[in-house]
Structures are given as structure tokens and as C-alpha cells.
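What follows is a short report on a single structure.
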Amino acid sequence: MHAETTKEQKTAALAAFKDLAREPGVPKPDPILVVDNVVRRFGGLTAVEVEHVEVQRGSITALIGPNGAGKTTFFNQLTGFDTADSGQWTFNGRNMNGVPAHKVARSGMVRTFQLTKALSKLTVLENMRLGAQAQKGETFWRALVPSLWRGQEDEITERAEELLTRFKLDAKRDDFAGSLSGGQRKLLEMARALMVRPELVMLDEPMAGVNPALTQSLLGHVKDLREQGMTVLFVEHDMDMVRDISDWVIVMAQGNVIAEGPPDTIMSDSRVIDAYLGAHHDAPLSEDELEQQLHEAEEELVAENEEEAKK
Amino acid sequence: MNAVPESAPDSQAAVTDRSAHLAGAENAVLRCDELIAGYLPGVNILNGSDLYVGDGELIGIIGPNGAGKSTLLKAMFGLVNIRSGTVLLKGEDITNMKAHSLVSRGVGYVPQTNNVFPSLTIEENLEMGAFQVPGKFKERFEFVAELFPALKERRKQRAGSLSGGERQMVAMARALMTEPSVLLLDEPSAGLSPKLQDLVFIQAQQINKAGVTVIMVEQNARRCLQICHRGYVLDQGRNAYTGTGRELAQDPKVIELYLGTLAKA
Amino acid sequence: MRRAVIAFTAFLGGLILLLAAPAHAADPEQSLRGTLKLQGQPVNGVKIVVTTESGQPVQEVTSNAQGAWEVPIAEPGPYKVTLDVGTLPKDVEVRGGTNVRSLTVYEGNPATALFALQAKSADGAPPGDDGASSAFWQRAAQLTFEGFNLGLIIALAALGLSLIYGTTGLTNFAHGELVTLGALIAYGFNTGIGLHLIPAAALAVIVAGGLGYSQDRFFWGQLRRRGTGIIAMMIISIGVALFLRYLFLIVFGGESDSFVQYNAQPGMQIGPISAAPKNLVAMGIELTVLVVVGIALLRTRTGKAARAVADNPALAASSGINVDRVIRIIWTMGGAIAGLAGIMLGLSQNLKFTMGQDLLLLIFAGVTLGGLGTAFGALIGSIIVGLFVQVSTLWIPPELKNVGALAVLIIVLLFRPQGILGRRERIG
Amino acid sequence: GGSDTAAPASPTAASSSAAAPAAKGDGKLTLGTLLPQTGSLAFLGPPEFAGVDLAIKEINEAGGVLGKDVEKIHTDSGDTTTNIASQSVDSLLAQQADAIIGAASSSVSESVIDKITGAGVVHFSPANTSDKFTTIADKGLYFRTSPPDKLQGRVLGDLVVADGNDTVGIMAMQDSYGTGLADQVAKTVQDSGAEVVERVDYDPKAADFSADVAKLKAKNPKGIVLIGFEETAKVIGELIKQGLPADKHKWYMVDGNTSNTNYIKMPKGTLKGVKGTIPGAAAPDEFQKKLLEVNPDLEDFSYAPESYDAANLLALAAEAAKSDAGTDVAAKLVEVSKGGEKCKDFKACNELLKAGKDIDYDGVSGPVEFNDAGDPAVATIGIYQYGDDNKYATKALEYRTGNIAG
Amino acid sequence: MDWTTIISTTVKAAIGVETVWYALAAIGINIHFGYTGLLNFGQSAFLAVAGYGLAVTVTVIGLPFWIGIVVGLAAAVLLALLLGIPTLRLRADYLAIVTIAAAEIVRLIFRSVAFKDVFGGSDGRRGFSDGFYALNPYPDGTYGFGWFTFNERVLWVLTIGWILVGLSCAVVYLLMKSPWGRVLKAIREDEDAVRSLGKNVFSYKMQSLILGGVIGSLGGFIYGLAYASVQPDIFGTETTFFAYTIVILGGAARVFGPVVGSMIFWVLLVLVNGVLSGAVQSGFITFMDITQVGPFRFLLVGLGLILLLVYRPQGIFGDKREIAIDAR
């Protein structure tokens, strides 16, 4: 498997996962995030009901599941953007329920939004700079004296520019973020979250709508993050990506964690295939398969029509 | 703007010359000629795009982020002001025509973002989809409910509280309510689970088989090229490559610049 | 020194006046006087003693057959008047107990001392706590009614605002002026042409609707087409408000006036409440309009389209909705409803060029309290505001009655930031 | 305002010690007005402007002042919310106004008095009632012909008691006019042995007055004193609705709302028997006819007499001083207002002046005798009564004259 | 028509006291609304509490002028805290209404009979400015040339006023260039995004509310000192509306926007008035009489506001691109 990218952290992560049981809620050797009994209901609908889940430090963990499984809602609970009906979770051993969103982020757990939140009337570069933590110039009194924060600002800018280049947004650096295309916003969202230098970054469908060529080059970057010691938890529907970069996969359905395991195992799990992946979970369709599928579909349609005609 | 493909598009699929376009566009259902359009004064996003769709064709548009794919669709649909160039629908000039009059001419559109009415329920969203043909609502509703059963269960839920994927379903379903004869889809598969992505592609194909002309913008480029008759690669507001889906999917240049090799592994 | 000058001047002035105006010359300087009555009947033969402040006797008199008494006073200044209780008829007493009045007599003017007389009752005490508490409840009932009365007018005005806000996102600060406009048009038909108020009002509502339509057709619609942002539009609406308000001032004048009919209509007593018939009819009309429009918005195709346009105009257009047409319908309705609200306000109050402006804050409070952009929210919010404005006067001085309503707005939003019927947006 | 002798006690003494700038008359008397064309008191503007216009018309017909026609410049005082009075004063001062008649609102006057008196110009208000102006630092340049609230309050209070109302309710507009008058009425009534069972200060801008009236109703007073301006029509509508009509309870009104135009649309007899007090020794009837010649659209006449008197007094003082400079005029204002041969209009007074006599101008609003603080010292209050047609009889029931200070 | 008068009053208005204190109020609003996106429609309340804080401290309690200023500033900060705690969680349009409500409550309390002993009812308070004028370095007299003159009192107020305006602009300039300002602007765009990046949104909003309120309150001082009085009705919603107008005129989120906006606003108001009354008086305009000039002027102001925003929605200094971004 991708021997060329296997580095120290990756080996460590893989080693950690090696002997783990493939079952929901399995304890990890060195969890950075431990979640217990988190429940969130909307009226009669139980959006999230997670009994126990752990995320291994220094790994790339994918969170997958059908639409409406509760992945985003789960993220919202963990990061303080919504209040869970019950349950508790710890990050780095610290109890995090009830902690307001900004404190969650400061403690090193940063999330991105599925429906992007670009700061429209700030330039792309300013968007990026905003992400940096512990800025001296962000306290009122020090802000009044530019010399106190200039140096730090330059560093931040440099870092921001690096990231922008990486995310192919460098040409847009001085444009308003509001004028970005859908995909560019996704990119900005992710790049901005990385500016925080979090310990755990939670990406909510970072690559939906991003051009595949670019996605590919960004995956390398995500892997680098792991090498830098970051933990990545991401939601994604692109199975190629999941297979390529994740060390571990957690599957949610109807609010519950239904399966956990390494990508390959998960993708051959029949429940996962039923609930999520569908008939062709593997690789893109070959021409023949495509033909066949079409054929099947057509037949179905014909059958339907006939049925209707009978009525 | 994004990086320009370094070498001029010179591979076999590279067809940017207008003669081919003009030839093909002769009897097109929908055609755009040298569109120039943009949002901000003085900044053009589309720099003379050409595009045509024949009757019953399924067209794919791919390209890097910010290339102007969405803008192209919006321009055709009257949501972005066209600065020069023309859009013809079945020979009729529809340049800068209001969106709602296009709907009555049988054009349907699924936007990429903000594609549901958040404060309306799912059912009402779909009702709006059938705004011009209220009589058909029941029948069409049954149809889309079968496609996306989740929608029927939740018909009274406000779309604003739906998950990203659920919204995408609503958006797709809304456009299918009218039985359009030309359908513009802007990344319909984004955010959907693999199973539903399949469904969307199959549906697109089926709808197309049923005689509907489809233009589809996709970042799931490989899948898109697999099912489409012809494809356009858009870069910097211009057509960089055109060709049949298969041609484009196999063009090494296109693969390198736009498709990536990941999925091939 | 200064006082002396003033006194002298005054004296001089008084003197000259006396000379100049013979009508007054007949009056013998100043006096102390009064009339004693018991239940409307004069009481005579009661002794009244007038002394100076320090107790120097001035004069004693007894009340005459009309119950009147009068003591001429030579020197202006403070005096004491004592009623000799012993000379009162049996079973009669001075209300309040004290029979001494100390009052000042001013130069050239009579001063009246009043001794209210009452029959001695067995228990002595006039209606006590019981009466007070029943008066309290009666007032509470009246205020509740008034709360609904005012609340419904606010709701009607708020409905127009809410419709327009809900569909176009425009926070229309000129809405108060649209309310005034309706009232003034009706006034024009009513007094200018001499139509009876009912046809005049009907006509005015139609005209107000037409003006609403043209406002959008020729003004707001054009701005939308130019891509004017909503904040800019909001500020523009402040400009429109100024423009219209002062136009009204020029045309209508600064005074207030009323319709020809139903002016100062006497109330009738319904249980603990007194209400004028016009109030009841107005409330009926208001409630009907509110409910009908509210339901229409929820159920009809155009109503749903209006909400769709509110959410996302571009998508609405993509769904085949003629956005401009929907907005125009809403503006027409909004204008007509605002006009009707103005007429109702003018009916129950008076007409003035600032009448709408004076109500605007309460309208906004109502709309916000209920949840912006929801028709029934506007209804509920406005009625709550109306009720608080009125009922809070049970405990706070009436001059501060708006404080009660505004405070409740703040408190409710503290617990429900999205308003009573508003819904919170999902994050993420 | 406080004369220099009276001022030292006031906190603003420091700035008042500065003498007014040297007078610089140009031989032509220019009267500026600073009266409400806009704002919440806009309804008071037309009668006030008309009063000044009428006076100036008569003055100029009688040959003007110092041989020249009096010039007038009208400006808008707005109300305190619009804040344009100060700009208006700037423009008046720039146009060499010698005296400024205004403002209607005490608050507006307060905000510009420094500016006006600082320029050595007479500040003459026809309507300010706030007692602050008695002691304000004004360099001796502030005067007013405002209705004498204290006297009116006393007269009204006595009237209420004399009519045998042992329980009295007061509805007063919440501003310096309303509360000042209400205080005085309440005091008189209470001293006389009647009881003020309820006093409601209401916000004149309120959308409706039902709560205010309900509060009054709960105490069921025999006599109801209504103090306010034209919004009283709304209050009356509410009184009638809630069952406190004038034929069951006795109503009393004041100069601000005793009107012949505001209530005529009400059903016949609504105001029958209601009594109102208006300052001035004559029925305003005749005067109002003259005003209507100046402005036929007038519907309200509040403060027109006071404005008219202000203009006349200024003109007479200028004649007496033989100068149009503000400080000179101010110096003569007290003199022409009292202590001399009585006269009632500019023409007559001016002739007396020309004949070298000391004059005492008696105006439409009352005898207008200034004390040294520039406040009117003596006044006449007429008591009027409404008839079946919701208008008051032009003949007063009685006049009462007295010292305002008491 | 008397052009000297018209021009002289206009020029004076451009730098006059009203321009100064409206500019200060508008600078505050610019911080709230322009930079932070807080639709604070209760700005007049900040002016009010500051003015009354000074007035009551000096006249009722009898403390010296400087303490009055400190009390006024403290009152503004306190108001910001009181107003902010319940309201800063609200969506922009809700916030607008709630702040109007709060400001009205403040005004109604100041003018109420119930508190007349403290706040002076509808007449307000006067007699607290001596301490300020005692500091006046200008000797008595008039200063300037020709028709362009001020007396020493006005000159002193204007000096202080413009210094305050200058300082406020400098502070705004420095802050908005800084990361602190960046956070505010980001909050204006999307709070949740900012929260997700670890910034305490509430705290920044509160800082913004306090800063804008305090700068606005300086306007309240200038008003009170220049007129030597405070009155409740000046602090009505109209004042806030005009201040908003000024902000938009100048261009929101521009450092000098409010200052230029205020100058333009007052110049227009005075110029229109001068020209109109001049024209009426000298008979060029006959369709209205002189007493209608007042309303007509405001009518024109309304019209001017409309036209300006229609043809230049971004204001004088604004950036057209910014406006185009969120056009609906």
C-alpha cells in the first residue's frame, strides 16, 4: 500500500491499529478524543446517538455514513456549535461538554463546515490570517501599537501564503472571499482551519466539489499533517480518497456508529455496502458494468411502466 | 485565476477552433456563442465560451475550481448578466432572458450552492419546483419520492435543517418536478453518499434516455465523462478541450490537469 | 430689594389695571369664599372662621341659604379657614376629617375653600379595600381589552411590514408612513369629497394597495434590478420615510384631525369593559384580515411562492416563479394592509402626519417579538406588545408605558433569540 | 432670564459676567423667528408665525420702526430631535437679526440661548414656560410673553374647587408646559380642600391614551382637568369611550387645548359646559379674525397672541431706544411693557412714544408687564365655557387679573 | 438672494458643533455597524447616558466637572455591558430592534416625571459646563476673519471636538488595520466561522460595542457642553437614524467616512435651507411660503438620501466591489 508515502507517523498509526478489534467503539491505544453516549434529538428524530468512540492520536480517521447519518451533527456537538441532549466527551483527557465553540477551537480541536463559511468581504489572505492563534494584535490595547504585532503578522502572512499556494488559491489572495467559486471556498475553508495549527482537525467533506486533480495533490498535504503530528478526522463521501489516506474508518448510520475498521475491511463489510456504498463500492465502473447497470435500470423502468399501465 | 495549462492545448482532443463548434451547433437545442459574462464590473469570468447541445444529448462540463463552469450555467439560465455573446434555445434568442420564462420554455436548473428554500418544508420545496405545473405535483412527487425515499418520510421537515446530502437530494428532486426538456445540473452528486451518487448518474442517464437534453457540471469528472456523450473542459472561462467523453477521459493532458490519477489506482 | 421692586411693580400694574378695566373695578379686592353642599343640597348656617396664618382672627361668617359664604380680605397672603363642626347638621361630617384649610389669597383674586360634606355612616369608612380591589380588576379588564385593541392595530400594521420584509428582506423604515398614507387618503375621501367613512375607507385601501404596487413597480423593483444591497435599501427607506413624512406635513399640516364619522363615539358597557362600537367592529375586521392573510401565506401557491422568494430569489426564479410578480403582489397587499391599519388607527385615535411614525417602534417590536417574517408571529408579537403597553400601566406610570412593552421584548429575546415563532437556523 | 443683579446665585454665573458685545445697530429692525415648521410641535408653528406676521404687517402699515420697514426672517426651530435650531440661529445671526422670536419649546430655547445672547441679540420667546429661564444666564437679553402658567394654574385650580369638585383628576401632557401647569393646579386644588385623586402625566406622542384614561377612571373623579395641546382631542375621545363624558364629570381645559376648531367634528354637545382658561384680557375672537387674514389656513391659534405681542414689544422698545441694536432694545423692553400710558397696538403706542410719553403696552395675551428677569409679571386670565356646538362662547365668563408670582 | 449668508452659514456648518458631535456618534456606529456588523440602532442612548452622567454628577451631586466626565464614560461602558449581554447573541435584524427599544427606554426614563428630581424631566439639565469653560485657554472675544468668526466658547468646544474626532479616527484607523480589527470584520461576515477559529466572538462584539459606545458618548459630551444643557428628546431614534445616514453617506467601514458624511449632511441641510428660504424670500419660488421651507428641506434631505444611495450605494468612500458581493 502506497509504500512511497509511508513515513514514520503512518507506520506508527498503522501499528497502533493493527491489533484492534473491528467493532464499533473499540478502545484505541492512545486516543486523543473519547466520546461517550452523545445523544442529540430534533423533535422525534434522533440525529446522533453515539455510545462510545475513540480517535487515535496521530492518525487519519475517516467518518463515513449515508446522508443524514448524523455526521455533521456529531461534529457540531463535539465542537460546541450545538448542545448535546446528553453525553460527554474528552479531548486530550479534558472534559469538553458545555465548552463554548471558541474554547474548543483554542484547545486544539478545529472543524470546517460542510456548507462553507467564507468571510465574504475579507480578502482570501485576511481569511487565512484570521486562522492563526495567539495573535498579539488581537488584543485591544496591543492592537493600537503596530510595532507589537508586525513581526508576528509577517510570519503569519508567510505561512498563509504557503498554504494558499498549496491550495491553488495564491492567485486569489487579494480577492474578496465572497467572489470565490464553490470549490475554491471549500479549499479556503480547509486552508484556514490549518492556519489554526490544531492538534485535531475535523474536516467536514473537504473535497466535495474540489477538482480531482487538485484533490489528489491536497491528499499529500493531509498526509503531511499527520507527519507533523496532527490528528485528522474527516467526513467524506469520496471513497477513493478515504481509501487512499485514512488509517481507520468509522461508519455512522442513523446516528449510531455501526462499524469501525481499516478502510479495506470496512469497504467490504456488507452492512456498509448495503447502507452506504451501494452496488459499486469499488473503483469506478468499467464500461461493461456501466452497460449492465444501465440495462438493469432500464428494465426496472420498463417494469415500472408496465405496472403503472396495469393500474 | 487558476494556472493556465502550460502548453497550448494540442492533444488530439483539443478542439477550441470555432469551425467545429459552428458545425456542431447547427441544429443544437441550446447553444452559446462567445459568451462573455461576469459578476463584478470590469471583471469577466467567461471569456468567450462556446457550447452547444444537440437534442437528446448528455453533455459534461469539467474543469478546475473557479474555471467558470457554474457561471456558464448561470449565464445560460439568465442568472448572470451576459455582456456579449448569445444564447439560443431551439433557435430562439434567450440571452439574458429571465429565469422564470426559461422554466416555462422547459429548461430546468439545479444550482451548485444555495439550492433549497431553507424555510420551506421539503414538500413545499418540491411544490415550488412544480410551480408552473401545479396540477402535476402529486404525480411528480410520487416519482421523486421513489428516487429519494428519505424525502417522502421527511416531507414536513424544513429544508434548512437538512443535512448537506439531504439538501442535495431536495435540490435534484425539485428540478425533476417540472419534467424539463433541457436540464442543467451543477454538481448534482456533490455531498451525496456513493450509493446516491450512483443513483444520480444513472438517473441523469435515464432522464437523458427519455429524451431530455442534459448539461452536467461535475467534479466527479471521471464518472461524468463515462456517461456523457460529449464533454467540455473549461479553464479560465474558455473551452480548453472538447471531445467525446471517452476521448477526454483518456487524454493524458486532461488526466494530468483535470482528472487526477487517484481514482485509477 | 428685588422682591420689593417686583411687589411694587405688581402693585402698580394691578392698580393701573383696575383703573383701566372697569369690569374688574366692581370687584371688591380679594376674598375667601366657598359653598357648602351635601349631596347637591346647600347647607346653611354653618359657621366659618377665617384667621391669619398666625391665628389672628379676621372674620367669622355663616353660610347662607345657597350654602355660600364669603369673607373679603384686605391683605393678600396666607390664611386659615376653619369650619365649626359643631354648627354642622347632625349626621353630617367633613370628609377627610380635617376641618381646617390653609390657603393663600392672591392679590385681586378670590380663593375658594372647599369642605366636602358627607353623611356620617355607621362604620364611618367609605368603601374600603374591597372597592379598591374591584376597581383594580375592572381596570385590569379594561386594559386587557385595550391591549387587544391596540395590539390588533399594531398587528395589522406589522403584517404589512412583515410581508414585505419576509419577501424582500427589506427592513422598511418608511412603513410608518405607509400607515399614515392610508389614513390620510381615507381622510381625503372622507372630508375632501365628502364620502361616508366606510366607502372612503374601502376606496383608500384600494388606492393604498395601488400605491404599494407602484412603489415597487417604479421604485423598489428598479433598485432591486440595479442590485442595490439590502442595507442600502434600508437606509433608502429612511430617506423615503423622511420624504413622505414631510410631504404629509406640507399637504396635511401639523395639526391633528379626525374623520367626520364615528368621532368621539360613546362607549357601551360590556361587563367590566367599556368599548365603543367602532372598536369592536375594527377589531373584527383586523382579526379577519390577519387570519385570512396568515392562512393564505401558508396555504396558497402565491403565499408559498412569497416565502420561497424570501428564502432565495434566484432559486425561486429557477423554479419558474416570476419573482418580480410575487414581490409586486406582496407590495400591493402590504400597502393595502398598511393603509387599512392607518385607517383603523385614525378611527380609534386621530390623524396626524406623524401617526405612523409614532407607532413604528411598536410595530417593529411586534414583528421582532413574534419572529421576523412570519405572519402569525407578527400577530402574536403585536398582541403581546399591545397588552404590555396597556396592562403594564397598572404598575408603572402611563408616561412610561412603552417601556414595559419594550422591556418585555428584550426579555423574551433573551430566552428566544429567534422570536416567539421564529426558527433557529441550523449551523454547519 | 436672570438680570445681572439676580444672577450671581445661579451656577452659570461665571459666563454671565461677561458683558454683551457692544451693540451695532444698522438702523433697520430685523426680527428673526425661530419657530417650529417641523417636528413634534409643528402644529404650533403656523399660528406663531401668523402672530408675528400680523404684528409686522401692522407695524409697517403704521410706518415701521425708526422710519424703516421692519424686516422679518423666518426660520425653522424644528424640535429637539432634529437639532437644526442652532443652524437656524447661525443663519439669523449672519443676516444681522436684532432680535429672535422663539423658540416654542423650552428645550430648544435652552439649546440656543447662549448663542443668541452671546451675539448681543434679544432672545424673545412667545411660549417658553420652563422656570429655568428666570435664573438663566442671559446677559439681560432673554424675554418671554409666554402664558403665565402659575397664574393660570391658580385660576384654574380655584375654578375647579369653586365648582364644587371635591375629587379631581388631572391628565397632563408630559412636558414642561403640562407638568408645570399641572403642578400649580394640583397645589391650588389641594390647598383649597379638594383632593387630587389621580394625576396622569402622559406622553403626547403615545399611540393611544386608553391606559391613561383607564387609570383616571379607576378613581372616578368629579372634576377632570385636561392639560395639553391638540392631542387632547384623542384624550376626549377616550374619556367618552370609557364613560367619563362631560355631562357626568366636569372637564376643565387650558389655553393649549381650549380650541374652537379641534372638537367641532365631535357629536353635538360633547363638550357642553366644559370650561377652559385662556390668558388675555379679551376674547381671542377678534384677533383670530385678523390672523386668518394673514394666514387663512390657520386651524389652531395657540401662542399667536404671545407671538404678536412679542413682535410689537420689540418694535416699541426699538422705537423707545431709538436704536435697533439688540442690547438697546432689551434695555427698553421692560419700560415699554409697563408703567405709563396704556395702549393696545403698535400704532397707538408709537404715537404716544413720539409724543414723548411713557407707555405701557397691553397686549392680546394679557397686560404683559415684565419683571426684571424678563418674565411677565402680571396677567389676565379669561375663563370660557363651551356650548352645545363644541365651541366656546366668545364672551368670557369672567376675567381674573393678578401677579404671576403671587 | 443673500449669498454671503448662505455661504457663510454653510461653511460654518461644515465644521460646526453639530457636525462634530454627529461625526462622533457616527464613528461609533461605524465601528458597530460598518466594521462589526452590529446593527446598533441605540447609539443615541450612549450619547444620552454620557451627557446625563456628566450633567447629573455636576448639577445634582455637585461633584467637579472631571468626575462628571469620568461618570459619563463609565455610564457609557456600563450601558454597553447591559445592552450587550442580552442582545449580542441576536441576529443582526433582531439586534437592531432591540437596541432601538433599549434606547427608547433610556430616553423615556430620562424624561419621565418619576425621575424628574434626578434627570430634570423633559427639560433636562443645565449648568454643568462651567468646569469645561473654565479650562478655556482662549480669552474672550471673537476669532476668525470676515464672516467666518466664532466666539471663544464655540472655538473652545470646536477645538476639543475636532481633537476628539481626530483621535477617534486615529484609533479606528490603527485598530482596523490590526488583527483585532480583522476579527471584527470577520464577525461581521460570519460569526460561526470566527468561532470555529478560536476567537471569542462575544468578547469582541462587546469590545466593539463598548468602543463605539464610548466614542459616541464623546459626542454626547460635546453636545451637552456646547449647548450647556442636556435634554432627553435629542436622544431619540431620529439622532441615530441621522447618524446612520451619515455613516452610509461617507461609506461604511471607512475611517473618514463618518466625518465626511457628517460634514456633507450638515452642509446639505443648511445649504438647502439657505437657498430655499432665500429663493422664497426673494420671490423666486412662489409655490410655497416661507414657513414651509422647514418641511420642504427635510423632504429634500430624504430625496437626497434616496438619490445618493441609488446612484452611489457604497457612499463617498466606499468600495463598489464590496457592495456587489452581497447584492441580493
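Each chain gets a letter, A, B, C, D and E, in the order it is written, and its residues are counted from 1.
In this section, a contact is a pair of C-beta atoms (placed from the backbone, for glycine too) under 8 Å apart; a residue touches a chain by one contact, two chains touch by 3 or more.
Just so you know, these numbers come straight off a predicted model, no measurement behind them.
Asks: Farthest chain from chain E, going by mean C-alpha coordinates, please.
Replies: Farthest chain from chain E, going by C-alpha centroids: B.
Asks: If you count the contact pairs for each chain pair, which pair has the most?
Replies: Chains joined by the most C-beta contact pairs: C-D.
Asks: Using CA atom means as chain centres, which chain is nearest the centre of all the protein shown?
Replies: Central by C-alpha mean position: chain E.
Asks: Indicate the whole-number Å distance between the mean C-alpha point of chain B and the mean C-alpha point of chain C.
Replies: The answer is 60 Å.
Asks: Averaged over CA atoms, how far is the centre of chain A from the centre of chain E? Could you give it in whole Å?
Replies: 47
Asks: Taking the mean of the CA coordinates per chain, how far is chain B from chain E in Å?
Replies: The computed centroid separation for chain B versus chain E comes out at 51 Å.
Asks: Rounded to a whole Å, what is the gap between the Cα centroids of chain A and chain B?
Replies: 26
Asks: Could you check chain D for residues that touch two or more other chains and list them?
Replies: 36, 38, 42, 45-46, 174, 201, 203
Asks: Indicate the residues of chain A shared as contacts by at least two other chains.
Replies: Each of 72-73, 81, 113-115, 179 in chain A touches at least two other chains.
Asks: Which parts of chain B, given as residue numbers and ranges, touch two or more other chains?
Replies: Each of 39-40, 161 in chain B touches at least two other chains.
Asks: Would you pull the chain B residues touching chain C in the complex into a rising list?
Replies: Residue list for chain B touching chain C: 77-79, 98-100, 103-104, 109, 111, 114-120, 124, 127-129, 131-132, 134, 158, 160-161, 174, 178.
Asks: Sort out for me which residues of chain A touch chain E in the complex.
Replies: Of all residues in chain A, those touching chain E are 79, 81, 100-103, 105-106, 110-113, 117-122, 126-127, 129-131, 133, 135-140, 143-144, 146, 149, 153, 176, 178-179, 192-193, 195-196.
Asks: Name, in rising order, each residue of chain A that touches chain B in their complex.
Replies: Touching chain B: residues 42, 65-73, 114-115, 168, 171-172, 179-184, 186-187, 205, 208-216, 219, 237, 239-241, 244, 276-281, 283-285, 287, 290, 293-294, 297-298, 301 of chain A.
Asks: Quick check: in the complex, which residue numbers of chain C touch chain A?
Replies: For chain C paired with chain A, touching residues are 427-428.
Asks: Can you tell me which positions in chain D touch chain E when the two form their complex?
Replies: Of all residues in chain D, those touching chain E are 10-12, 14-15, 18, 21, 36-38, 42, 45-46, 49, 73-76, 78-84, 86-88, 90-91, 94-95, 106-107, 110-112, 114-115, 118-119, 130, 132, 136, 174-176, 179, 201, 203.
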